[in-house]
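Okay, got some structures for you below.
Both complexes below contain chain A, partnered by chain B and then by chain C.
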Partner chain A sequence: MRFSDFTSYDLILLAQGLGTNIALFLVTSLIGLLIGLGWALVRFYRVPVLAQIVTFLSELLKNSPVLVQLFLVFFGLPALLHIRVTPVTAATITLSANTAAFVYVIAVSAIESIEREQVEAARVFGITRWQVLRHIVTPQAAAFAVGPLVALLVNQLQVTSLISVIGVVDLTKIGHILNMRTLKPFVVWTVVGLLYYGAAKLVALLGERFENRLRAHSAWRGL
Partner chain B sequence: MHFDLSILLPHLGFLARGAELTAAACALSLVGSVVMGALVAIARTSASSTLRRIAFIYVDLFRNVPFIVQLFFFYYGLPELGIYIDAFTTGVVALSIAGGAYASDTIRAGILAIDQGIIDAAEVSGLSRRKIFTRIVLPIALRTSVRPLGSVLINMILTSSILSTITLNELTGSAQIVVSQTYRPFEVYVVLLCAYAALTYLVSLAVTLLHRHLNRDMMEAVG
Partner chain C sequence: MLKVENVRKAFSEVTVLDGVDLTIAPGEVVSILGSSGSGKSTLIRCINGLERLNAGRITVDDFDVSKPKELAEARKRSGTVFQLFNLYPHMSVLQNITLAPIEVLKTPRPEAEAIARKLLESVGLADRADAYPAQLSGGQRQRVGICRALAMQPRYLLLDEVTSALDPEMTAEVLAILAKLAAQGTTMLFVTHEIEFAREISDRIVFLDKGRLVVDLPTDRFFAADGGRAQPRVAQFLSRMRKD
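Coming up: the complex of A and B.
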């Protein structure tokens, strides 16, 4: 019976689990952001064939469960290609691709939110497409996209909890272990839930600060 | 490298039964979450500040805690309270509560978008407050929020794959069983991914049609 009680070491376990979630969240968000922006560039330059492939891929990733994507990468890829894929690698690949799909959609709608006249006017002045992108499209699109991106990040943080299913020892997995050992589901899952909640709130808060900063130049400061 | 979809043929019936279970769970949860969402939307638009606060906490909490943690909380926690329900019921309850948090937002937006003149007219006609709400406010709010409720449903279909982690053999759970029988994870999960994408695509088409049909008298306003 001795081992069925909570110990102070459990706190370290929980912290480690949360750390795994946050680390994977940060890494996959960064990779996903870069890939998603790359896909948006492919679309912006209207690269033939590739643009269609990218759109199809992002629709497929957006409209299927992350759990199935994880299974496909973790169980499917090794079976097809006879390679070794660790749970963390599989989680990184899947979450990055999934984030990229959503970033792509946000980036495309942000680019489309800019009136065609602006781009046309700039082109009339002889500005290249790259300069249009850099000086006219990107600053406005970034201000448009930051709100949806923060909402996406808060969501992706929660999605990281699914990696426990393929055996990554994250906060949910730790919760599972503690639940099985102590048989106190209410305490364990409440603590785990609150830790996720706190992390999500932190991401939302940081995102809001960043958004305010981006918009500071256009905000009315009074007289 | 070896890719052969024909090995799935003998298992299609089994997968179809899993899909039926997914459909049943999602249909019940959709009803549950719309009811839950409507109740919470009433609370969030009510005059009482206590009700508003409670409703806000509910929405905030269930939107910022990962669904898998909520699910484990119910699945392992409810028997502790002496409530013994099967995995299917637990899944539907958890999906309804989580979906209700999202549905309440869209229904609330629908309520807030109602022209004050309509409510004034109803009050002048001598309808009771209860009648005004159930016969006038709610039908209009639900009608205009069909499209966002559709995306709640699509999210629910994708989220329902997580029910496989509490031993419910819905579509994803059945696929895992097929994998363990055929040892062909790549083929199974690729098909599963496409099946979910096709399913959600069909649902979004149906929702658009329903939205157009219900709002046919105000097409220019809602598009």
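Coming up: the complex of A and C.
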């Protein structure tokens, strides 16, 4: 194969790669959020046994490298269970679980940040535990958690680049291919980097707007 | 009738309430006096079910607060106002007041809001319905706290040192509202350090000392030399609290 120059057509290839990252990011973030919040609920209601399992699982996930988890799911699971795991499936499972672990940690600390008096001030009027969760705990916890959550999501977007290692053709993988073809590493990786940057900035900006809305009245917290 | 019978409450090794008996009839205003750590606030927290009793029984209109099924009914009948207000910071004044009526009493929202606005008007905060707690002064917050409790139309109003976090000017504005409520015949259990005010509005005064209820007398008897003052702890407490 002959080397060829970097062309505008390659930008479309890169954009397609970025599309893969964003799609995977959106899907795994959604699944991760739902699972992480589910785990936090298990903890909030102090479900016996399950609460301990959830804490242990989250510890395991956040204290080991995502790349190792990815290898375990992609190479380890098929070997153990004799099943086929496609790269996209492995990436979805791993990133969802990893996001869930961090969402869980953020949600739990957000719930714990709410003063006990807030809950008591509602309970004394006969408001049920579920109504307290809905009207008192969730809105205040959301205002507390939105900052860390946006930071987490920005990070998880970058983490999607790891899937190129197991053969998913994402932005990083395409960058790699273009690099081999053009032999212009500086140009290729600069463009790849800028594309990630743009996507991350978009996530951060959307998050900031959401944060401003949620924190509109808790900014003072003079209580 | 609100009945406290032989209630004992201990936190690990420390006994905070040691066999307390107290009865409050509808329409009565009863003040609880006592030094810090005498168990006044804990007594209120036992009555509204925030603390579990170690022994004894508390009933609010015959609903036992120790029985989970009856606690909800008991709580509907008592309204608590807290020392540090404990308003919900993410809700407007109006939402703070209407949350419990809408969720617990299932009052339709328009009706709940109408009641809330009327209450706000009666405490001089008609124009602050859409403000958030952080935008209010301490005295205003506590007035909202009182409205929040009154919105549940409680049979018994429990007031836990409601002026302790306020400066004298704000204290005066809150006490004025309580005096008005007392005059209207609201049943109140009033934990306080405002002795002069307690003397003005109370039908009875009880004195707690180290978790024991040592005096329970009509107000004029409480301050009489051969009544409450005959108790050395009461005499000591009164002379310390009053600057004259």
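Criterion: the second predicted complex is superposed on the first by the 212 of 223 C-alpha atoms of A that agree within 3 Å, B and C clash if a C-alpha of one lies under 4 Å from a C-alpha of the other, contacts with A are read in each partner's own complex, and residues count from 1 in each chain.
By our rule, a residue touches a chain if its C-beta (ideal position, glycine included) is under 8 Å from a C-beta of that chain, and two chains touch if they have at least 3 such contacts.
These numbers were taken from a predicted model, which means no experiment stands behind them.
*Asks:* Pick one for A:136: touches chain B only (first), chain C only (second), both, or neither.
*Replies:* The second partner, chain C, only.
*Asks:* Is A:123 touching the first partner chain B, the second partner chain C, both, or neither of them?
*Replies:* A:123 sits against chain C, while chain B stays out of touch.
*Asks:* If you count the residues of chain A that each partner touches, which comes out higher, chain B or chain C?
*Replies:* Looking at chain A, the partner in contact with more of its residues is B.
*Asks:* Going by the contact rule set out at the top, does A:6 touch chain B (first), chain C (second), both, or neither?
*Replies:* In the superposition, A:6 contacts neither chain B nor chain C.
*Asks:* Overlap of the chain B and chain C footprints on chain A, residue-wise?
*Replies:* In chain A, no position sits in both the chain B and chain C interfaces.
*Asks:* Contact residues on chain C for chain A in the complex?
*Replies:* Listed in rising order, the residues are 48-50, 72, 75-76, 78-80, 82, 84-91, 99-100, 103-104, 132-135, 141, 148-149, 152.
*Asks:* Can you list the chain A residues touching chain C in their complex?
*Replies:* 117-118, 120-128, 131, 135-136, 139-140, 143, 217-223
*Asks:* Taking the complex as given, what residues does chain B use to touch chain A?
*Replies:* Contacts found on chain B: 1-3, 61, 64-70, 72-73, 76-77, 80, 154, 158-159, 161-162, 164-165, 172, 175-176, 179, 183-190, 192-194, 196-197, 200-201.
*Asks:* Inside the complex, what are the residues of chain A that reach chain B?
*Replies:* Within the complex, chain A touches chain B at residues 59-60, 63-69, 71-72, 75-77, 79-82, 154, 158-162, 164-165, 172, 175-176, 179, 185-186, 189-190, 192-194, 196-197, 200-201.
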